[in-house]
Structure formats: C-alpha cells, structure tokens
Amino acid sequence: MTGRQTIIPFGPQHPVLPEPIHLDLVVEDERVVSAIPSIGYVHRGLESLVDRREYQDFVFLAERICGICSFTHSSTFCQGIEGLMGIQIPQRAAYLRTMWGEYSRLHSHLLWLGLFADSLGFESLFYQAWKIRESILDEMEATTGGRVIQGVCKVGGVRRDVANSFLSGMDDRLDEIEDNMKDLTNVFLNDYTLKKRLVGKGVLSKDDAYYLGAAGPTARGSGLDMDIRSTGYLAYGDVGFKPVVEKGGDGYARCAVRCRELFQSVEIIRRVITDMPEGDVFTPVKGNPDGEYFSRSEQPRGEVIHYLKGNGTKNLAQFRVRTPTLTNIPPLVSILAGCELADVPQIVLTIDPCIGCMER
Amino acid sequence: MKMFKTILKQFFHTPATTTFPNTPLENFEGTRGHLVFDPSKCTSCMMCMKRCPSQAITVQRAEKIWTLDRFRCVMCGNCVDVCKFDALLMEREYAKSATPTERGVETYEITYVKPERPKKETAE
Amino acid sequence: MNMKIDSVEAADVQKIAGTMRSGGYRLVVMTCTPADEGYYITYSFEKETDLRHYRIAVAEGTTIPSIGSSYGGAFVYENEIHDLYGFTFEGMSLDFGGTFIKTSVPYPFKKKEQPAPTVTVVKEAKE
Amino acid sequence: MSSASKSPWLLHYNASSCNGCDIEILAALTPVYDVERFGIINTGNPAHADIFVVTGGVNEQNKAVLKNIYDQIPEPKVVVAVGICASSGGVFRECYNISGGVDTIIPVDVYVPGCSVRPEALIEGIVKALGVLEEKRAAMEAKK
Amino acid sequence: MDIMFIVGAVLFLILAPILGGLLTGCDRVLTARFQSRVGPPLLQPFYDVAKLWHKEKAFSNPVEIIFTTAYLVLIAFSGAMLATGGNLLFVFFSLALAHTFLILAAYSANAPYAHIGAERELLSVMILEPILILFAAGCFLVTGSFDTYHMLIQDVPGIIYLPGVFIVFIAVLTLKLRKSPFDISTSHHAHQELVKGVTSSLSGRSLAKVEIAHWYEMMIFLSMILLFFAGYPVLSAVAIILVFLLEIVIDNIFPRVTWKMTVKSLWIVTLVFGVGNIVVLGILGGIV
Amino acid sequence: MYPPELIAILILLLVPVSAAVLLAVFKPDLVRNVLAGITSVIIIGASVFLAWKALIAPVSLTLEHTEWIGMLLFIAEIGVALVILGLSIKYRKILPLLLSVIQLILILILEFFGIAGPHAMTTFTVTGLSAVMVLIIGIIGTLICVYALGYMKDYHDHQIGVPVRKRYFFALMFLFLSAMFGLVLFNNLMWILCAWEVTTLCSFLLIGYSRTPEAMKNAFRAVWMNLIGGICFTLAIFFLLRINTPVNLLSVTDLLAFPNVSALTIPLAFIAVAGLTKAAQMPFSTWLTGAMVAPTPVSALLHSSTMVKAGVYLLVLFAPLFSQTWVGIFLALIGAFTFLATSALAISQSNAKKVLAYSTIANLGLITACAGIGTAEAIMAAILLIIFHAVAKALLFLCVGAVEHKIGSRDIEDMDGLLVRLPLLATMMVIGISGMYLAPFGMLISKWAALEAFLTAPLGYVFIAILAFGSAFTIFFWTKWLGKLFMRMNRPPAEKIALHISEKLSVIVMGVLVIGCCLGFPAIITGVIIPYLNGIHPYFYLGNKGFFYFDTLVMLGLMAFILLFLVIGAFLGSREGRTIAPYLGGRAVDSEGRFLGSLGVYKEAKTSNYYLEEYFGEKVLLKPSWVISGVLIIVMLVLGFMGVMIWI
C-alpha cells in the first residue's frame, strides 16, 4: 500500500554521516523500500586546477582530495608523474611511502571501525577505536609533521627522511598498538550482539560485487581476491603481500576484512622497517611530463586511479580521479534495498564511504 | 559482552585525556604548525608567492611588503622548501583562531638589506 | 601496467562491454578527456592482471549508448561524464538527470571558445 | 560564566571539506582530547545545537543546506568556521564549484585556521566561541 | 489522606529532580571513565537544563509546549503518587498517559525523524505495558492490594515472591533509562539513525522539560526497586546502587539493537520470567 | 389503567416499528426528518423514564393473553427466515440457504412439537442490566439515527451509482431499534430469539445496502455466521425444554434462579456460542470486519454500540450461571483470546472503520471474558465496559463517517493534521480515542475493574497475562491514530463543507456523553451496577476496593483536573516564539511540504505510521486464531455436554 510509506531524507546533515551524502529513504514500517543516493555536496572541482598549478605543487592539492586517504592520493599522484616521466624513485623512498601508506590504512581502518561502532550505537567501542588511532596519528605526526594531511610526498621521492633510530623504536610501539587492536577486534568479531546486528545484513554476492564494480574491502568481503597491492608497486612486491579475503559478503565480512587488514598492515610496516634500505629519499626531477598515464594504487577503501595527461608544460593537461567510493556506490544501492532502517547507517558505512574522495 | 573486559580496564586506568588547554600540548619535532617569516632575510625573490599552492603569500617587491593570510595557508611548507634564504620557518605551535574583527592579513615590511657585495679578493 | 589503448567506434561500445562482461572482465573506470578534436572516452576493463583500455572519439554533444545493461555500476561514470562534459548517455540504469554532481557552472569541463575550463570568479575575501 | 557557556552543544556540518577537519573534530571528542570536559556534546541535530561548526568552503548544493540548518538553530547561536576552506575557500578557492568561505552564506563568529585543523586549535577556537555565545546571550536577555 | 503522604509527595517532587540530575551526572562521569575519558563535571546535567531553559522559544508546532508540559506534570504526578504509597496500577496508567503526551509532542512536529522516534517510543511503551501490569498483579497477589503502601509494610521482602518479575524489571529498566542496547527511540548520546528520535524536534524549554521529566522517571523506576526490598533499607539502597551501576555497564558493553530485537528479547523475558512468576504465584494461590 | 412502566415499554417497542412503517411510506426528506426527529425524542424520553424507574426498583411486568404476541412474533420469525431463504436463493448462496432451512425447521418443530412448559411467566423484566441497554439503545441508537439523516445525504453524494433507497434504509434502522428493545425487555427466551433473528435480518439487509458485489458477499457472510448463532440459540431452547422441572426455564428470571446449574451446562454452552457469534468473537469475527462496507451509521448502530452488544448482553445476563461452570471458563478464554488477537490485528489496519471494528471485537472479547468468569466483580467490569464502549465507539464511528465525507477517505493515513483541518470533528475524535484507552477515561477504569476481577478468578493469572499483552497492543494502535490527528499540516486545508446539523448535533451530544460518563462513573457504579449485582449476589459489597478506593477517586479527580488545566492552557497559553521548519537532514521544504530528493525529483516529506504487517497482518494472524478459538469452542461444547462444574 503506497499510503503507508514514510519518506525520510537521510542527510546531507546527519549525525551518522561525518560527510554529506543524501539518501532518499522510502520506508514501510522500518523496512527500506528504496534508497537512492544523491551526491555532489562536496564537489569542489579540484581537477580543474591542474592548469594553474605546477605539477610539483599540485601534489599538495591532490593530497587534499581527501583528508583520510590523503597520503595515498599524494603518492598515487606522484607515482603517476613519475610514470609519465619515467623516474625511478630511490628504494628508501619507496619503502617509506609503503610504510606511510600502511600507517594511513591503519588510521583509516581504525577511524572506520570507530564510526562503524558508533553507527551501531556502541559509543564505548567508538572511543576505544579512536583512542588507538591517536597513537597511529602520533607516529604519523612524528615522522611526517602532519596528523592527517602529511604533505610528505614529492615527485621523485619523499620530502623527509626518518631517522633509523626512530624506526627501531617504532617496533615496540607497534607491539603495544597491536595488543590494543587485538582487544578491539576481538569485540568486533566475537561480540554476540554485534554479530547479531551484522551477520547477514547487507549481503553482496560475489558476482554482484564483481560486476557492479565493488573495490577494496567491500569487494574482498564478498570473496573477491582484488587488491592492487598484489601487483607489487612500491615495496609491496618485497613484503610478500597476500590480500585478506572473507567470503560472507555481509556487513560482518566487510568488518572482518578491515579488522584483519589492521594486523596485516602492522606486519607490512614491521617488514618495511626491518628491510629499510639506506640511501637517498629523493631523486631530482627535471623536465615536464608528457603523455597519458593511469596511476593505480590501493587506498584503505580500495583501488584508486589517477588518470594524468601531460602536454609537455609545467601544468598537466588533464587530471581525473576515480576513487573507490565512487565505484562502491552501485553495490551500496543494491544492498540497501530491503534492509531495516536501523541498519541503514551501518550498511552505508560498510562500504566505508569517503565522499570527499568521491567528489573531488 | 566482550566489551566488558575492555571497559573494566579503562575504568581502573587513568584516562587518556590530556589536560589541554590548562597545559599546552607538546608537539613533535617537525610538526608543521604555523609559518614564521623573518623580514630581515627576505630578498623578495617571489618564489614563495609563486609556489604557494593556496596563494596565501603575496610579495610586493616594490613596496617591500610581504603579506600572509593565515586563513588561506595550508601549512604545507612548500615555501620553506623553496626559500633559498631561510626567511621562512615552520613553527610547531598551531595558529590561533580569530573573530571577524581580529582576522586580517599579516603584513611585514621587509627589512632585508642587500649586503654589500664583498670585494672580489680572488679577482686580484 | 598496460597503457595500450585500442580505438573503437562509439556505436560498438555496447557490444564490447557485452563481450567483456561475458569474458569475465570487470569495469575499472570510464575516463573522459578532451582531445584535439572532440573528446575521448576511455573504457578500462580488467580481469585479474589483464587491463584493457578501449577508447572512443566523440564530438561534442553526441549521444553515447550506455553500457549499463552489461555493467550495472557504470551509471556513476556515465552520470558524472554527463554532468561534467555534457554528453548524453542513452539507457543508463539509474539516470540522475544532471543532478549527480551539481555544479554551479553547467558542464565545467566542456571545451569553451577559450580552451581553459570555466572558473567562477571568486570574490576576494575581505581583507 | 553562565549556563550557556557551560553546556555548548555542537552541530557539525561538512560544507565541502576534504574530511581532514571533520575527522579532527571527531578526534576532539575522543578520549585524548575529550571535549565533553567542557560540557560539549556533538548533537547532530540543529534544534539542540548552540555552536554550528562548519568545515569546508561553500559550494552550490550546500548553500541551501547551510542556510536551512542555520535557521533551525535556536538563538543564541554561534558559527565557527573550521579550517581554511571554511574561512576563505582555502586551496579550493579558485575551483569552479567553490564560492568562498562560509561567511558568504551565514555570519561567522569565529574562524579557526589550519589545514587540517589540529584538535587543540579547534578547542581553542571553541573556547573563543563560548565568549561570543555568552555575549549573544547577554544581548538576548537585555533585549527582553 | 495522611499528612505524611502529602509531605512525602512534596518531598518527592522537590528531591527527585535533584537526585535524578545528580545521578545522570554520575552516569555521565562513570560512562566517560569506562571510555577512558575524564568526562563532564558532575553538575553538567543541571548546566544543560539551565542553558536549554534560557534558549530562544522555537518550536516546530506550538502544541508541543503544552504536550511537553503535560508530560512533565504527569510524570511528576505519578512519582508523587508512588511516593505517597498510592495505587501502583494507577501510577502505571498515569505514566502511560504521560508518555502518550511525549509521543504526541513528537508526532505533532510532522518531521520524519521525530515521527519514527514517536513510533519507536510507542513501541517501547507497548513493550513495557505487560510487565508493568504483571508487576502490579504480582503485588496484588502478594498483598491483596495494588497499593504500594501495603507492599512496603510487608514483613518478607517482595523479591522472595517476585524474583522473576524483578529480573524482567531490570531488563526493561534499560529500555526505560534509554540505555544501550534498548535505546531505540532516543538516547542521551547522539543517537544515530534517528538523530535524536522522539526529542529531535524539541528545543529550548520543551527539551528542558523532557529532560527533567526523564530525571523524575528515572527516580520513579529506581524507587520501584524499593518495593522488592521493602523493610530492608540498607539492602534496598545497595540494590538500587547495584542496579544503577549494572545499567551503566550494560550501556557500555552493548551496541544498540533494532526495535524488532528489542521487542522480541524483552517480551521473551517477560513471558518466561514475568508470566512464569505470576502463574506460579497464582497456582500457589497467592499469598493472601 | 396500565402502569407507566408498561406504557413506556410499549412505546419503546411499538413507536419505532410504527415509525419504520411510516418512513417506508413517505418519501420527502422533510417528512422523514420531522418524523425521525419526533420519534427520537419520544424514544429518548421513554427510555430515560423506563431506566429511571428500573433503577429505583427492578421492573417486572406480567401481561395476560400473551399468546397472540407469541403468535405474532412467531410469524415474524418465520418471515425473517423466509426472507433470508429467498435472498439466498436469489443470490445462489448455499451456506445461508442450508442454515436458514435448518433454522426454519427447528423453529417449526419448536412451535408445534415443543413441550410447552407451565405458562406462568413474567412478560417484561427491566433490571439494572437491561436498563443500561435500554439507555444505550434509546439514546445512542436514536442519536445515530438522527446522525444518519444528514449522513445519508452526503453518502449518496459521494457514492455515485448506489441506488438511493433512503426509505428502506431508515425503515430498517427503526425496525432494528424495536427489535433491540424487545431483545433486552422480553423475559421469554422464545421471544428473545425472535428479536434476535430480526436483528440478524436488519444487519444483513443493511450491510448489503449498496448492493455492490463486495457488500453482498459480506452481507451473506454476516448472515450465515449469525444464523449459526440463531441455530445454537434454538438448540439451547430445545435442551432447556428437555430438562424436567416444574418451573418454566424459558423464562429468564426463572432460569437465573434455577438452583441446579449442573443440569444447564449444555444449553449454557449453546447460548455461549450464540452470544459469541453475535458478538463476533473469534472465529466468527470476520463478519463484523466485513460489515464495515455498510454506511457508517449502520456500523455505528448495529456493529459497535447495540447489536453486537446483544451478544454480550445475553452472556452477561447468564454470567452468574457461567461462573459456576467450566463452560464459563472456556467462554472467558475465548473472549480473552479474542481480545488479544484482534487487538493485535487492529495494529495492522489503516482503514479507520476496520480499526474500530477490530477494537470493537476486542472489547467485546473482554466483556465476554468477564461474563464467562461471572463473579460479581467481573459482571461489574463487563457492564462498565458495555457502557463506556458503547458511547466512545459510537462517537468514533460518527466522527469517522463525517470525516470520510469531508476528506474523502477513511484511511487513518489521510487524517494527518485533522485537528487543523476539521477542528470540531477532530476534537470529538480525540475525546473518543482518549475515552477508549487513556486514564482517567472510562474504558481504562473498566479495564482496571476487569483486572481486579481476573485477579480473584480461577485461572486468573492466565487472563492477567493475556490482558497485559492485549492492552499493550491497544495502546499501540490507538496512540498512533491519535498522533496522526495532531500532526502539523503543510497541506492545504480541506474544502469548506458545512457539517450537516444533524451530524453536528449527534456528534457533540455523543462527545458530551463520553465525558459525562467518565465523570459520572462512581455514580454509575453505585446507582446502577451495585443494585443490579445485589440482585444476584446479595452480599456483594464493593467498599474500598481497588479503583473504587476513595484515595484513588481523589487521584483520578486530580488527574482529570490536571488534564482540564492543560486543555485550558492549550487554548489560553502563549504561543509566542519562532516556528522552525521540521528537521529533514538539512533539506529545505517548500510551501507544499516537498523537498528536492535524489535524481532531481521533488518529493513530499510524508510520514506514515507503523503497521507491523509481518507480525500482526491479517494474513499472518487470522488463520491460527481461527484454529485456536475453534478448538476452544469445541472444548467448551464438550465440557458442556460433560457437565463439568467448578468446585472451588
């Protein structure tokens, strides 16, 4: 009966959404009949700035596509320019980028776990996750000088080196962080009530995930072995990377993927620190980029693609970003239909939406 | 239920909360807090203005004026990197907030005096 | 990483998408970029590590067949290209009607008389 | 200090920020910074809010939302523009979709610089905003 | 009516909000400590209400002023009745009426979030109703009267006869105090999917009234624990403190559940323990 | 000279019939209005007089030469059976046909081969219970007829295509009143059976008034279910006649005074079934919900406040007998179960009339439960329920009917903001709804009384548990309706159509009656119910019991005072302040209540109530309920045949 429908404008301003996205929720009782997203609240048009900033300075702008995945964006952009110009960055720089990339994955996943707990009304778990995240941010700040926007990547390498003495101290601090994370993920993965809320909610089948274009943990939660890190860019080839895959396809599986990736990231960081090669962190760059390049890397949220097109001047001719959240929107639309209103926040969050990324 | 252990642990530990703002926070070495300008070292080369990604810096070479809009500065430190004369520095302390009346552009008069070029002793 | 780009006809897009889909490829990205004449739209597909790019050259204002029937997730790219470049896609699985990315200038990346993208004149913040 | 400044409730809206400032606002709520020490609660509901925290520069779609939310907050209220984007448009000032800082749409009482804003800076800004809130309340009482 | 009763009622009307506010403050501090934070000052709830009281008069529908007033007055009235040893059943009916007014206040805003909050509040009233009636029936079976006064002057504490009802009572207290996992209609924290649920359209003074009413309500429900331990003041006090602590801990170790899970779990508990208790008591022929 | 009571009785029995004949003859609206108005005044006057007399002292009148009345009624009964038979043949309905044939045969057997008992029999008795019923029929019934005068005009304006047969309609309405008076005034079970059958016929014809296929289907369903009741009633008479005793068991007074209850279990079981069908208890509830296709005054008159009350009247009448048997316990269980099931079913309905129908069945279930338990407290609760339910429910039906004509829908979802759009009707509706379940209004007091009655009854804890959950459902569906009325509207107000004066009058009087009954409930208890109960249980003394405790009364008064104060406050209070838009996640609403949603489409920000269809829908609940209640009925009949008594 159409007379029994409630239409709820969910967002753009809503406590569950730190970022603006809008959903037109049509619910009956509390069952969602249809949920159509509407975006464009964060669209800035950043890609249009390439022709007024030099490609080297544009790194700082690329970094500000998103405040959470900032490091990956800057490194992907640098990687793209380096690809266009055929620059080989020093090994140490590659290792440092890998380390920071994994740190930013840690901070992003912890942030997500916190927000996810919050969306389930689990305040104390939210605080717990964010408390651990603060120690990750401390590591970031100590090594790069910025908490969430690191500003450390540079075409040709990185701007700052990290002292070896600091790196060796990092290992002990990682132990403590890992212990805390164990307590945290134990709750996420084993708590009875949380399981009740998560298992079987928002199921995305393997096929749907593949053909609707799911990326990152969303795809891996549905049993897809998809991770750009497997291609072995930066130092990932040296650390023996294997993607974390869960088969459930539901909210629990996606949560489990992220929980397990936390420990995987810690492992990678440990490997990178121990194997850190000595040497320069920066290769001087000469000339201007020309040609086309698809630069891909794995963000905490999935595969990000920077398309760069140079025309031999200091400014790029074209810059396009395809972010994991954008391609995770179609799966989101498909899993929202038929869910409970109370599950809408957690289902929206299971794809870990990063609207800032998505809309540039 | 699994949470019980964790919250119990929290309860018997001192809270993680800082005492800020009663005591200022210690920042890490190399934290980019705010930009400091040394008027006595600036040669008005304009590099900082050109390479600032957010156009927070303006240099008027003729008037010898260097201005910074703190409410545009992204603290990326690019200007510090490109400044060959060490006139710019990143301090660790964060920048202070302002009400509309307090808010303004920081203007500095460049006091740099081009040093007398040392006599070319080697020329002799 | 494969950067080889195959040029194809705009009318064949759906066929290619169909082949790719039945071949087990996933849609990675659709990119629109201005060319010397008109625009290129690049479709990238991937199966495991096999990345393939197909490119169509289209003139301004052309209507392009949508690949929504093969890839349900293509609508995000198609709507975006519609909103930013002004192309119309026929048969999108979810048509936002130009409200996917609402911009203050219509089709900001569309080529104008002067090649630079339109930029709103920013009022200088009060000093 | 009257009750107004002892119990400021926040409402946060991301106008078109990159997320950096938003997560730092959330970080300010978390154990290490714990702004609840000052009675600050993140309400998420305009009808309950006293302090409207906006991040990001204003774009086309957000204008109406910002105005709508601002109108729904009962007096006395204070608007805090957090981050350089909210203050002036920041790095995105020249983008075609950004029309400037928050003050182009609604009156701003306190600007907090930073990119992204550090939680300490945010707390400092909010404490400043409390002063403004106090003044506004006094003015409101006097009007009665 | 005894003069003592009137004194009791007046004392309740004055003391309940003060105690309730303090307890809420304790709750917030303790919760913060469980979350590794310092937390707000103890008197924070009072600051909040004082601030709300001085805010601008703004509403989405003017009738909400009268509805929230009615909610507050009737809750206070029920509390006063309870304090005078009045009729338990009538206390419950009066509470139900009070909640109806809160629900109507939420309905009257005609905003989706408030509306769903109202529906969920209604669900929680529905969940609560059976156990309250069973509680009253249990008291009747024990004392032969619905009057709390008779329950209080029992020689044997009521919990001996009504252990099942007590268990259910603690379970529904979580719902009543708007704590996780059963804070489906609104909660004291930023409530996620419903914004603030039933109170989301209330602001300023209306919200302050609802807040004070919550304090009253909390005191009403906590003081009902007395009925189970009547005649043993120390034991009662310990029980009340323990139950309150238990509720805070429960709040912190559970996520919120959906309304369906709330109804199912609480009604199963009610059916098993509540009805079971009453049936056993009924078969044994009551105590009278 | 006849005693004045007899004259009043005769007026009540004959005036409506004569009015019916006249109404069937005269066509002009004016004549009808005047005629109906005069008749109504006479009926109200007579019923008030009779009730007043009866409350002073129970009236008991014996007439001589009652044979010709009996004969007349017998002919009427045969006529009823024949009409149903004829219509069944015309519309090719097998089940009603079969049942009416059985019924006809049974009546004929009864008349010609029945063992005529001793004929020393009182003709009319007016006890407290019948006085209550007389007042309900006399006042509420006539008010509904008056309301119908205006309503039917609107009805035919709205229902294009339905043939206008107002003469037929009003004749049936008044005929029905006569039958109802007969039902509660006669003392002879044979005569009561006749009145019973006439009400069945009236109900059948009025449900099928519009002659649409749906209406006819539901009408036939109503008739076959009620025929089962009639047959059971007849069987009960058969079994009564077979009991060898010097007293005439067909006389209600004698039957009630009969000491050997264990011999009566079989007829009691049949009477119970008859009462259950008339009161539309599970599994017979569908006829009442189906009957909602009839014009609203019919629903109000027949299907909420009077005819269905005939069923429970019969049960309450025999409650003292039920109280000693297991038949009674099972009757009570069926009633309580019906209360639970239909309260739950009402949650899933959005059609206002259907909600009212289910709520009616639920309350009748509660009354049935009280009647089955049959203790003095239970009877008191039952009578209170009958009174309060009749007034509040009639008011609600009248409001829904009027609202339907004003806004063109009887869906609760369409009633949002009614308080702004139709202030008078909505206020009355609020009074009606509050009267149905909120403290300190009548129904709640009655429920309280029922609760106390259950607590002291055998197996009381079962009833308590059922009542506890049932009232939870009740709260749910009433409150969500109430909430709808208070919503803020951003829709254009309804068209300004003046309410017909007759509708306005009836609605307002009814509203006053609801409040009056609530305020006067202590008087009703002491003045009406206690004397009646003392007639049955001479030692019954209410005293300081529960809800009638002095302190509680004071509290109730205080509460009513607070409410009054709040209502005054609502009217006089300050409304200064700023109106802020409803919170829609930051979305702005335009003047028509719409916001710009996804895909660039404007959507209306609308809200709807919960209906919990997956738990309480008809599809889910009806069939299991039929099974359970069917089993309970069979067990009840078996227990009746076994003659099991309660030995507590």
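Chains here go by letter, A, B, C, D, E and F, matching the order in which they are written, and residues are numbered from 1 within each.
Note that a residue touches a chain if its C-beta (ideal position, glycine included) is under 8 Å from a C-beta of that chain, and two chains touch if they have at least 3 such contacts.
Since we're looking at a predicted model, the values are computed, not measured.
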item	value
Chain hops separating chain F from chain A, counting only touching neighbours	1
Each chain counted as touching chain D and chain F at once	A, C, E
By number of C-beta contact pairs, the top two chains	E-F
Taking each chain's C-alpha mean as its centre, the one farthest from chain C	F
Innermost chain, where centres are averages of C-alpha coordinates	E
Most distant chain from chain A by Cα centroid	F
Chain A-chain D separation of Cα centroids, rounded to whole Å	26
Centroid distance [mean C-alpha coordinates] between chain C and chain A, Å	24
For chain D paired with chain E, centre-to-centre distance based on mean C-alpha positions, whole Å	35
Per-residue multi-chain contacts in chain F, two or more chains	578, 580-581, 583-584, 586-587, 598-599, 605, 607, 609-610
Residues of chain C whose C-beta touches two or more other chains	94, 96, 99, 102-103, 108, 117, 119, 125
Residue list for chain E, restricted to those that touch at least two other chains	32, 34-39, 56-58, 60, 112-113, 115-116, 189-190, 195, 200-201, 203, 252-254
Of all residues in chain C, those that touch chain D in their complex	102-105, 108, 117-120, 122-123, 125
Of chain C, residues touching chain A in the complex	1, 3, 5, 21, 26-29, 31-34, 42, 44, 49, 51, 53, 71-77, 80, 94, 96, 99-103, 108-109, 116-117, 119
Interfacial residue positions of chain A with respect to chain D in the complex	12-16, 18-20, 40-46, 48-49, 52, 60-61, 64-68, 70, 111, 114-115, 126-127, 130-131, 133-134, 137, 147-149, 354-357, 359
Residues of chain E touching chain B in the complex	32-39, 249, 252-254
Residues of chain A touching chain E in the complex	6-9, 14-16, 30, 117-125, 127-128, 131, 191, 193-194, 196-197, 340-345
